[in-house]
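A, B, C, D, E and F are the chain letters, set down in written order, and residue numbers restart from 1 in every chain.
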Amino acid sequence: MQKKIEVANTLLDAFPFIKEFRNQTVVIKYGGAAQTQPHLKEQFAKDIVLLYLVGLKPVIVHGGGKRINEYLEKLNIKTQFKDGQRVTTKENMEVVEMVLSGLINKEITSLLNSHGAKAIGISGKDAGFLKAIPKDDGAFGYTGNITSVDSQVLQKLLDEKFIPVIAPIASGESLGHVGYNINADLAASKISVALNAKKVVFLTDTAGVLDKEKNLISTLYKRDIDSLIEDETISGGMIPKVMACLEAINGEVQKAHIIDGRVEHSILLELFTSDGIGTVIRKMD
Amino acid sequence: MQKKIEVANTLLDAFPFIKEFRNQTVVIKYGGAAQTQPHLKEQFAKDIVLLYLVGLKPVIVHGGGKRINEYLEKLNIKTQFKDGQRVTTKENMEVVEMVLSGLINKEITSLLNSHGAKAIGISGKDAGFLKAIPKDDGAFGYTGNITSVDSQVLQKLLDEKFIPVIAPIASGESLGHVGYNINADLAASKISVALNAKKVVFLTDTAGVLDKEKNLISTLYKRDIDSLIEDETISGGMIPKVMACLEAINGEVQKAHIIDGRVEHSILLELFTSDGIGTVIRKMD
Amino acid sequence: MQKKIEVANTLLDAFPFIKEFRNQTVVIKYGGAAQTQPHLKEQFAKDIVLLYLVGLKPVIVHGGGKRINEYLEKLNIKTQFKDGQRVTTKENMEVVEMVLSGLINKEITSLLNSHGAKAIGISGKDAGFLKAIPKDDGAFGYTGNITSVDSQVLQKLLDEKFIPVIAPIASGESLGHVGYNINADLAASKISVALNAKKVVFLTDTAGVLDKEKNLISTLYKRDIDSLIEDETISGGMIPKVMACLEAINGEVQKAHIIDGRVEHSILLELFTSDGIGTVIRKMD
Amino acid sequence: MQKKIEVANTLLDAFPFIKEFRNQTVVIKYGGAAQTQPHLKEQFAKDIVLLYLVGLKPVIVHGGGKRINEYLEKLNIKTQFKDGQRVTTKENMEVVEMVLSGLINKEITSLLNSHGAKAIGISGKDAGFLKAIPKDDGAFGYTGNITSVDSQVLQKLLDEKFIPVIAPIASGESLGHVGYNINADLAASKISVALNAKKVVFLTDTAGVLDKEKNLISTLYKRDIDSLIEDETISGGMIPKVMACLEAINGEVQKAHIIDGRVEHSILLELFTSDGIGTVIRKMD
Amino acid sequence: MQKKIEVANTLLDAFPFIKEFRNQTVVIKYGGAAQTQPHLKEQFAKDIVLLYLVGLKPVIVHGGGKRINEYLEKLNIKTQFKDGQRVTTKENMEVVEMVLSGLINKEITSLLNSHGAKAIGISGKDAGFLKAIPKDDGAFGYTGNITSVDSQVLQKLLDEKFIPVIAPIASGESLGHVGYNINADLAASKISVALNAKKVVFLTDTAGVLDKEKNLISTLYKRDIDSLIEDETISGGMIPKVMACLEAINGEVQKAHIIDGRVEHSILLELFTSDGIGTVIRKMD
Amino acid sequence: MQKKIEVANTLLDAFPFIKEFRNQTVVIKYGGAAQTQPHLKEQFAKDIVLLYLVGLKPVIVHGGGKRINEYLEKLNIKTQFKDGQRVTTKENMEVVEMVLSGLINKEITSLLNSHGAKAIGISGKDAGFLKAIPKDDGAFGYTGNITSVDSQVLQKLLDEKFIPVIAPIASGESLGHVGYNINADLAASKISVALNAKKVVFLTDTAGVLDKEKNLISTLYKRDIDSLIEDETISGGMIPKVMACLEAINGEVQKAHIIDGRVEHSILLELFTSDGIGTVIRKMD
């Protein structure tokens, strides 16, 4: 019976969070170990469907670098990276789109559906809701920068109680066959701003932002980011993550979270426990 | 961290129940220790508001025997019981109504509101939604039997996202000043049937229905009730409780629960854990 | 036949008033003789239901001083008045709430329902729609001043075609068990302002505001009130009534009426005949 | 003051009728003196707008024989009657339509609007809502019998809070230019049936149906009509009126009224006083 | 097969126009040959119903000078013109209204209905939606100038999917029996402005506005109108047409069209082909 | 001008079809030359968007055999056919899904969007709306037979004015990662039945069903199909097409069309000209 009472108390502890997030949109960038290890995948799906059931509106944006590379290799197609970004040739782009929209997107969608959601997998080409232009005047081929997000399209899917699962591919301005390969972190940020989301959450393979002593920074204020980059506390692959967070909070998303996708149920823990498990980045102190 | 994971798992265990009860109406008869002991009252309120937040529609029906007796005594008004039911004189009735509708009802309503609900306290006289005639041709004075429940009135309050808290007083057929004192258990059953509720839950000061060896019967099927009463396994004050349950399930309420209100968070445990804590009474095996 | 034609003409005379008040909210402070004498009670109920049927939205606020005193006396509980206002001790407050919310409120609700309305009796504790703080820093105990009115709660009841009957009890800011005893006249004014009502009507046991010669002042303009108080034309118990009217018209309620509840059908006569029967207080001349 | 109280009592006497007719459709055949004498016209308009304001949905069907004859004469066009019905030649029909739809219909519409209604004048040709075929295989020229009523068209106008004023002209089955001249009494009956109206009221220049002693028959049951026609109690021009009533009550309209349009406010008196002023014809005893 | 492909191409050429005009209101002044020659009438009706089916909301305003004159003559009623406008005596007005509202209006309505529309014929007296005062202080009798258009009335009919067909008669300010004779071109302009229409189209018996060499001016800009009138390029009966167009575009109607009603399907050609067939008048260059 | 009149006449000829199909759902199986030749693709897209604009609700189901084979070859993955159906190994299935959902589906979606539609590309895995079991107990590997269609999912997309573009992949009954390869013709039939579509149209690379003399059969009645198969008039690849049509009309789809996708604008011609261009299969004669 003691155990049962603990159960009740745990449910009740989640109470203020459920109240706070009710009917709020939360954009989740899904990637890393959480997307590849079977038991983490299952737990991710359970978390998302629970969020959905207690009244949040989750929107999933996913990446898929590794699977793309596998297929490029199998097909003997060369690909090149510049400053950590793929230079997406036309030949690359067909594979990128096929793997992102055709394989990974539907895999995530099925995963969520098998746990009781009604998820719909789309890319930014659907209803032309993401438009892009070539990054750096084409220096990266069909790698693009988002120029507009038609949030109405996503809003209609949310209104019909679907969970949108988004492959980071955008249309060109003319909406034709051409597609652009978009960085998934930046897609998540842009979408969270367009949807006026409460939160954007980045699932990563690190614990969060760490300080000089490698301890987790639980809350990181906007005003402190510049100096932490300057003194190289924030460095390497963490810089673009933090930049994506900044983009979101500059666009009036209240909080951006960087959390450890390798931890079981990390999303639930971050959203539904009082001290969370990763780093939250916010504007105000 | 281990503790945090347990937290997540607990939340996820509640998952199938949240899914099942979403948008379902549950009528709860509130009484006994849960209504008088301060810490149980707080926990009851938290439970109800949590149910409400995760999508159930709770409807509360309360009793109030002890407080009525206190006031009758203070006012030197005599009262008489016959077969365990009050013979409600006109003088009694004024005090019954005053204490039920004016004191207890508003106390429960305030309790729920202080935890974040929008509860509205009414009696069956409001909008004349409960009508009654005198029990046994008036042998019990103004103690009445419900003849009709206008579920539209409660439905409108539920549609507006209010939690109805109901004092078991009914109007006469002509809707005038006269009121009838109604047994709260039977009121809860009748209301659960009229609302086509998923469940009716009776909070009591016992563990549930016990077998000959005083062990809890977790599930009690309708077909077995008669013989259990005959062999006096079910006896005394438990008989009217079980009869109220029968009334509900005969009226197509799926399950009727008798649970121990003395246990902290008993409602949450009964509804959101797989084996519950009390006795569930149902039609089908 | 001549009489029949007069009947038709009377109906037609009411015509412009019906047109003017259609879909308008009117708050009525119900008290005095109209609340205690049986035939006046019946006539009051008929008037309110007629208003309702021809398209107005009546909201009733009632007092109940005498019945409270009766019960305090029966229970041997002392009560004290300071400047005409009750100093509400905790012991007093339980009786105040019990009598107002449990007896009088339900009596009025039943009365209206028996004439064909769907009335719902609530107090300011329901859905926490009236909040208050102690008057004069607690000098009057649990006598309170309203700090906010959640008009949404009343609006929802009006939208569902209920007539709200309101006992003047408020919650504290924290919505808990504590209740505050509110002056019914001021409650009516505050509520009329929050609902953006067309009118607030005070049923009293006087003909209205009288001039020096004891003749009725039919229309009293805001600008003249100060001097009438100064020269004691308005004095005694009429001052707080007029102050309650001022509160309403300062809050953009168009007209505040003080009428004689001892006159049969006084509400109907005030609202549906061209010169009315009492005093109307308004801003503009 | 005594007079004022009578005013209130009159209003309250109308109360049960207002309650009964709320949101009910009433079809009124408007004709005779009430349509030609200026002061009766004004009173008719006031009555209709009052019905509208207290929640009824009036639908007006008018005739116009005299004005048609005036214009036929001015234009030197011959017209012929057979069994009391006009044999409507093509030349006649243009004048019939012009006078009914263009003059009389708009005159009534304007009259109602000037008293505060939103009346819209149409004929059965509008949206082709009345269809007809030639009466007696064309023996009466363009005099027609209604074959269908598209009640949706009227319902849409009622939903938008318009009062439809209907000229008794119908389209042919092919909806083209051809129009049919329809007996206004029969049009009113057919329309009342199609709208599932509560009542149909015929304004005439007689007191109602009279018995052998020339006393008014207040209530006439369906089962008695045949014998009253046989013994010539009902005779002459009253026969088609009574037949139109029968058509309505056979089509499940509850009551058909024949009232004296020469009496001021006859509609109001018939509908809003307990014994009415004319003859009501109904199915059941 | 070649012919079939041309069919498809024609349909597709109409495509951008269908897209552009979807859900837009277009007011059409209907008059001249298109209103009198049988085959042009049929084609007009087909055009309007096609517009309606592909998603436009057509509103028809018609004139009727010739038929009015015919009837005035038949009735030996004199009429007088001053500056090209009828001086409408009271005697005239009855005939004007009768012919416009009773004959022509219903003829057009029937025509549209016989091609599958749900048209409703009204005049500005219906629901009092057009109000007018006498032109030039009464110098033209009951010829009036529109002072207000209640667009709500038309909007409600459009919302219910009716095509309004409007006779240019207005009520006086008091909405009574008096009617005013309104110039149909000006009525169309005023109504197009009140409805915030996309276009107003005038069907005439000329090709459009011609230049000095008698060639059609396809697009006429507002800024050029004054000089074209001054040098008499625009003269005679074209001046009031152009003035009516100006009234519309000054009221934020995007384009006003003067087209040749003698050409078969002129409306369809003007709206659904890229260069149109008449003159379009617009604000901006 | 003569040419312009022809334009108008062509538009008007389409009129009865536009009227008939308004708000009707039409399922189109898209494949063959129309899906591969650039100018046919453009014309297909224009046709679909025109259908959409004039009020139909198109739903596109596509195949993609050739592109799948190309990729299987590039990846050196063997595939095997049995009775004309692919034996879909697990390795095959990944490629099938990737090419159908990732490449072809998004290509068609982009094509429609570039012509002004809001198309959304999904597969049967999205919201799990198509469920399947292995064909012939697994004899064809992951080639499946549809067991249910959740038409609600498509209906919600249609309600939001999207054009659904569907890749013929289905979920298993448990909605997990496994997908089934579905014959696109049968998918189109099943979906047309579930949506209660007006029509299903199959775009093929033949003129339609031909008779013994190789002349087109314009209308083929259900009752004649068996004998035509028996005498081998219908043979080879036409048999499964006709079977798919039969499935649809047995499921109460009114008409199934087999048309020549190699003809420009074949859909428009089939739907919007009176004799069409292919074979229509229907139940009744």
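Assume contacts are C-beta pairs under 8 Å (C-beta built on N, C-alpha and C of every residue); 3 or more make two chains touch, one makes a residue touch a chain.
It should be emphasised that the depicted structure is a prediction, and the values quoted were computed from it without experimental measurement.
Asker: Which is the least count of steps on a path of touching chains running from chain A to chain F?
Answerer: 1
Asker: Copy of A-F's interface among D-E, C-D or A-B, judged by over half the contact pairs being the same?
Answerer: It is D-E that reproduces the contact pattern of A-F.
Asker: Looking at CA centres, what chain is most distant from chain B?
Answerer: Greatest centre separation from chain B goes to chain E.
Asker: Check the residue numbers that chain C and chain D use where they touch, and answer same if over half are used by both copies, otherwise different.
Answerer: same
Asker: With centres defined by CA atoms only, which chain is the most remote from chain F?
Answerer: C
Asker: Could you please state the distance in Å, as a whole number, between where the Cα atoms of chain A are centred and where those of chain E are centred?
Answerer: For chain A versus chain E, the centre distance works out to 57 Å.
Asker: Need the CA-centroid distance for the pair chain E / chain F, whole Å please.
Answerer: Chain E and chain F have C-alpha centres separated by 46 Å.
Asker: At which residue positions does chain D touch at least two other chains?
Answerer: Not one residue of chain D touches more than one other chain, so the list is empty.
Asker: Among line, ring, star, complete and other, which one matches the pattern of chain touches?
Answerer: Graph shape, chains as nodes and touching pairs as edges: a ring.
Asker: Record each chain of the ring in the order reached, setting off from chain C and passing chain D first.
Answerer: With chain C as the starting chain and chain D following, the sequence is C, D, E, F, A, B.
Asker: How about chain C: which of its residues touch chain B in the complex?
Answerer: Chain C reaches chain B through residues 74-75, 94, 97-103, 105-107, 109-111, 113-114, 118-123, 125-128, 153, 156-157, 159-160, 162, 169, 171, 174-177, 179.
Asker: Residue numbers of chain D touching chain C in their complex, please.
Answerer: Residues 1, 4-15, 18-19, 22, 46-47, 49-50, 53-55, 116, 263-265, 268-269, 272-273, 277.
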